[in-house]
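Here come two complexes built around chain A, the first alongside chain B, the second alongside chain C.
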Partner chain A sequence: MIMIDGLVQRIDKKLQRFDPLWQAKRGIGGLRSRYNDKTGVAKYREWRGIRDTLYDYGQWMKNLGSMTVMVASAPIPCLKGFWEYRWMGSYLGTFMFIDRLFEGYRGYELRIAHHNMHAIVQSLTKKIALVLSNDKRLGGGPLSDQMIPYDEVLPPLFLKGFKDLIPIPLQTLPEFIICDIDQQLEPYYIDVAESFGLPADVCSRCAAETGVAIDDAFPIIGKAFLTTNMPCNASEATSMFQRRRVGLPDMPVTLAMIHNEPGAHPYSTQMLKDTIAFIEKEYGVTYDWDELFKYAKELNEQNTIELEKWEFMKTPYCALVGIAESLYRLYSWASVNGQDPYFTKTDRKVLKLITKAYDEKYEPFSGKTRHRAFLWGPSAVYYTDFPTWAENCWGINIVLNMDSTMGHNQISTTDPEEAIKDLALLSEKATMRHHAVGGWENVNAIWEWAKNFNCDMVIFNDNVSCKGMNGVHAMMEEQARELGFHFIFLEHDLEDCRTISRRDMRKRISDYMSIVLNEKPLDPTLVDFDDSEAY
Partner chain B sequence: MKKLPTFLSKIIKTLLITALAGFAVTFTIYMTNAENKLIYYVIRPLLNKHYNAQVRDRRV
Partner chain C sequence: MKDLKHFIYFENLLRDARNELVAQAVEDGKRALGYNCYYIPEVLLNLPGCFSSRLRAPGMKFSNIADYYMTTRNCPYVRAILERAMEGGYHYLDALFGAECCAAMERMEEHFFLLKPVKNDRFFVTIIDPPMKGDKTNLDYYKSQLKLKVVNELRDRFGIDVSEDAMREAVRLHNEISQVITEIGNYRKLPNPPITGYEFHVIELVSQVCPHTLILPYLKETLEELKDRKPEPKFPFRARVVLAGSEIDDPEFTKLIEMCGAMVVADRYCFGSFPGREQIIIQDGESAYDAICRHYLQWNQCARFMDGGKIDQRHEEIRRLAKEYGADGVIYENMKFCEFWSYEKVLASNIFTNEIGIPCCTIEKEYSLGSIEQLRTRFQAFVEALEIKKIPGGDKA
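And then the complex of A and B:
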């Protein structure tokens, strides 16, 4: 072992001049040096030292394996999917996407990031194969009528009480997750929607979903559709467009928005009961509470582990960082929501690694972090690797993202009446619903969160088309000043990279760091570059 | 009886050579970022050409 260590060290020393972090430290290059201009295509992959490069290579092979299994399990539906749907072509950018997310990652943070990422890849590839194999637009399959298409911001755990049915978040595959991977895709669907007169200043998520519906790019599955409410005109409009286009019997699952008020919970509880009755009627099935409890136990364990992770995140020695944390939590909570035990196993493994790193007093990114930031508000979906850039360029560690604070209450696994109340509370605290639109008290909760996680900085995502949040600008700025936080409003257009580009977003941060804080970048090659033609 | 160890060693040798060749090929693809270059410069432009030529019924 000592001999191998010695050999690795010698080789690493010989090859260190290819390591972008080493280059940046000496001012002779950096993480951006290996890219072709604008395209985001790297000339070669990042050299991270022997051990980390081989580890990254191993994970690349593992993800490639999942994709091969996906195609092999449903070759014809996958080919038809690639031929029929523009969004399927965008999934080819997945490898480039993963490379972007974990640039500059080494040691424990790299290992944890890949554990989380592979959980997403294996789940997503299975889901794509399943949906395409049963998509009625492509010929259908044996499970077509056993699927329940539902709105992606509705937590699906409560639907697991239907033993033989498969809940599928309808918008996730063609719109939400794929926008993370390819920034060029959604503008096409937005243009489709706007060509029908939809105003250009509505939330681009809603516009993109409408475009996907009009372009007939949603897979057709199931016998009935569950839509939901969000408190903006655009969101309600897109639900209406989708229900007309999808053409299935539908049920709007309208949950309480201002959910801190006690009167809200009985309303949301009744709404879930009505939804269960609707599915029973439309699909001719009976709800099985024992089946629900089985999956509720999975989510309960995942939420328990999540709270343990938070304790580590409050220290400088947490190797679960940035996008590796937030993307995983968003997917595992909103899309999986206790349905896949693989995520519980991943959580257990990751917690072990976090604990080991903490015991060794391991600081991620070689201890170069200068600021601990809380990322608040809905993030730009077309700039998923923003936290990675912020850390590598300016040493800003995005400790936690607003989306990661979604419902973490426990669900009763013995009493149906209690369980449905717990599920209502969980659903009220879902993606965006919880903080961005849950009332002033929830928006304003940022200061408490930032303080609890020992952050000195708050980066407030500002979706320029979100009318609700536009009203809080000045109030947030005043409070930040009063409480002594470094505070940056980060403008973006959620899914439309043409309005505010990734480059514009970087400039906003760089200006604050250099003009207001008078700091120098850790990697000057990352300060300003053009990636407008990148996925 | 002597044939068995020879046969086994042949299999092991073939497996090792295959694994080594497999590693050499895949690691070269990985390091040179070859799969992403192929996707970005060849496959996606062809697919986009097909998608742009699609006639879709968008009547509302």
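And then the complex of A and C:
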């Protein structure tokens, strides 16, 4: 073993000139050097040393395996899907997307990131195959009428009490997750909506959903549709559009918006009960609490582990960082929400790795972190790898993201009456709405979060069309000054990369770092580059 | 037509939120209760000892301070209200009853307790979480929210009588003023009405911004006057339209449409009379408070309601108005940056044009009447299109 270690070290030393981090340190290249300008197509894979490069490549192959299984399990529906849906083609960018996410990752942070990412890939590929195999637009399948299409922002755990039904987040495949992968896709759907008369100043995510609906690009599944008022006004409005196009009996699951008040929870609880009654009626099935409890246990364990992870995140020795944390949490909470035990297993494995790294006092990114930042507000979906860039370019470690703080209360696994109350509480603290809407205290909670996680910086995602967050603009800035945080408004347009490009977003950070803080970049090749034509 | 006796007085009352009738009521010791949105039942703010004051910001040209706090990418109405508050225009208020009816509105109302722009020691703000559907679950929630954040607050902070008798008295007064306004508005159904849309808009607005007991005599007198008012010898407009959409509290906007040749015969927008001036009916065995909540949920036409029943209701209501008031078309308006009406405008114009067969014009506007020439062009073109349809065979054009 010692001999192998020695050999690896010698080879690594010989080949270190190909390592972009080594190059950046010496000013002779960097992480951007291996890319073609504009398209962002890499000329070669990132050299990370023998062990990390092989590990990274092995994981790349593993993800490829999941995609192969997806196509092999449903070859005809997948083929039809590529033919029918514009968004299906964008999934081909997945590999480039993953490579981009984990640039500069080494050692523990790389391993943890791939554990998390593979959980997403295996889940997503299964979901794509399942949906396409039963999509009535493509001919349907045996499970078509057993699916419950629901708005992706509604936490689906409570639907697991319907043993034979399969909850499917309708917008996730054609709109949300695909925008993470391919920045070029959603502008098409946004244009469809705008050509229909929708103003350009509404939230681009909701405009994109509207465009998908008008373009008939939602799969047709299920017997009834659950919409929701979450997270905000535009989501409510697009839901009204979608229900008309989807054409199924629908139920808007409207949970309390001002949810941090005692009066809110009985209402939200009753709303979930009404929803269960609606599904029972439309699908002719009966709710099974024991079935729910089975999955609630999974989510309870995941949330317990999440809270343990947070304790590590408060230290400089946490190897779960940046986008590896936030993308996983977003997907595992919002989309999976306890339904897939694979995520519990992943959490256990990752917690072990985090603990090991902490015991070794391992600092991610070779200890080059200069600032610990809390990312607040809804993030730009078209710039998923922003945290990776921020760390590699300026040494800003995005410790935690607003959406990662979603509901983490425990769900009763014995008492139905308690369980439904717990589910209501969990649902009120869902994606993008836990802190972004529903009252001043929710958004103003950032300072406490940032302080608890030992952050010196707050990056405030400034979605230009988010009316609720625009409404607290100056108050947030004034608070930051008063409390002594470095504070950066990061303008973006959520799913429309044309309004504010990734390059514009980087410039915002770089200007603050160089002009206000007078700092030098860790990797000068990352300061300004053009990736306007990239996935 | 001969001028209405009190019309200039009405116009003057709209020049300032703290107009002379508001000032008189405050001097009489009544509590001035501000609100923005229909979700806050006006009738509850007119319990004995207090009066409602729906917030406008007349004459607002620039909202620089509010722009700083809320950015220029937010609803111009809420920015105008915040700006006016910062200027000191609402010091007469004893309370603001807000609603999380949209994110922009809620954020603006939050600034009333964060920045404390109203210099009045008694002043406080509450914000309800309003319902989004018309079902029983939402009605119960609405009741509990209004009880907690309006009724109990009035009772506990100001000692306002919120008993059944007091509620019934408030409903009686509401029904009385609504009856007068409705009768005035009904003249718009006539082929050649003795009142213009602009005049009605002014009259409806004064009923919302002035203490009801003080404005009612003037309104009654105006109603009597209208009974004998002679219209123009020939209908002076080229078309009749329903104006629908979000917040419109500037009668100059109605005047603009009418100067382009289309009389606004029905006003289905925030600050309009549909909804707002319907009779509250207290059913047998029902408390006045329950009747108020049920009434406001039932009649609310906000584009925020998500359930199919309420969505259909708001389209049906426009269709009803178009039919009853003999409208040739509908103008759908949304305040710039209004998410709800941006979507509703698109959806409804598609439904009306392609499914119901009523022509629609959709426009977007600022709070203060800007881009007037562009709007004028749009309205003139719409009026011409409506005229063409009246020519035999013109509907095929």
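The definition used in the following text is that the second predicted complex is superposed on the first by the 531 of 535 C-alpha atoms of A that agree within 3 Å, B and C clash if a C-alpha of one lies under 4 Å from a C-alpha of the other, contacts with A are read in each partner's own complex, and residues count from 1 in each chain.
Keep this in mind: a contact is a pair of C-beta atoms (placed from the backbone, for glycine too) under 8 Å apart; a residue touches a chain by one contact, two chains touch by 3 or more.
In this text the structure is predicted, and so the values were computed from the model without any measurement.
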| item | value |
| --- | --- |
| First, second, both or neither for A:82, with chain B first and chain C second | first |
| Broader residue contact with chain A after superposition on the shared chain, chain B or chain C | C |
| First (chain B), second (chain C), both or neither touched by A:202 | second |
| Contacts of A:26 with chain B and chain C, given as first, second, both or neither | neither |
| Which of chain B and chain C A:520 touches, first, second, both or neither | neither |
| First, second, both or neither for A:254, with chain B first and chain C second | second |
| First (chain B), second (chain C), both or neither touched by A:216 | first |
| First, second, both or neither for A:236, with chain B first and chain C second | second |
| Partner chain(s) touched by A:14 [first = chain B, second = chain C, both, neither] | neither |
| Residues of chain A contacting chain B in one complex and chain C in the other | 196, 244 |
| Residue ranges of chain C in contact with chain A within the complex | 68-71, 73-75, 78, 100, 102-104, 106-108, 110-111, 114, 127-129, 131-133, 135, 137-138, 140-141, 144-145, 148, 303-304, 306-308, 311, 334, 336-337, 339-340, 342-347, 349-350, 362, 364 |
| For the chain B and chain A complex, residues of the former touching the latter | 26-27, 30-33, 35-37, 39-41, 43-44, 47-48, 50-51, 56-58, 60 |
| Residue ranges of chain A in contact with chain B within the complex | 39, 41-45, 57, 60-61, 82-83, 86, 89, 92-93, 95-96, 99, 192, 196, 214-216, 244, 535 |
| Partner chain C, residues of chain A touching it in the complex | 196-199, 201-203, 206, 210, 227, 229, 232-234, 236-241, 243-244, 250, 252, 254, 256-258, 261, 263-264, 267, 270-271, 274, 437-440, 464-468, 470-475 |
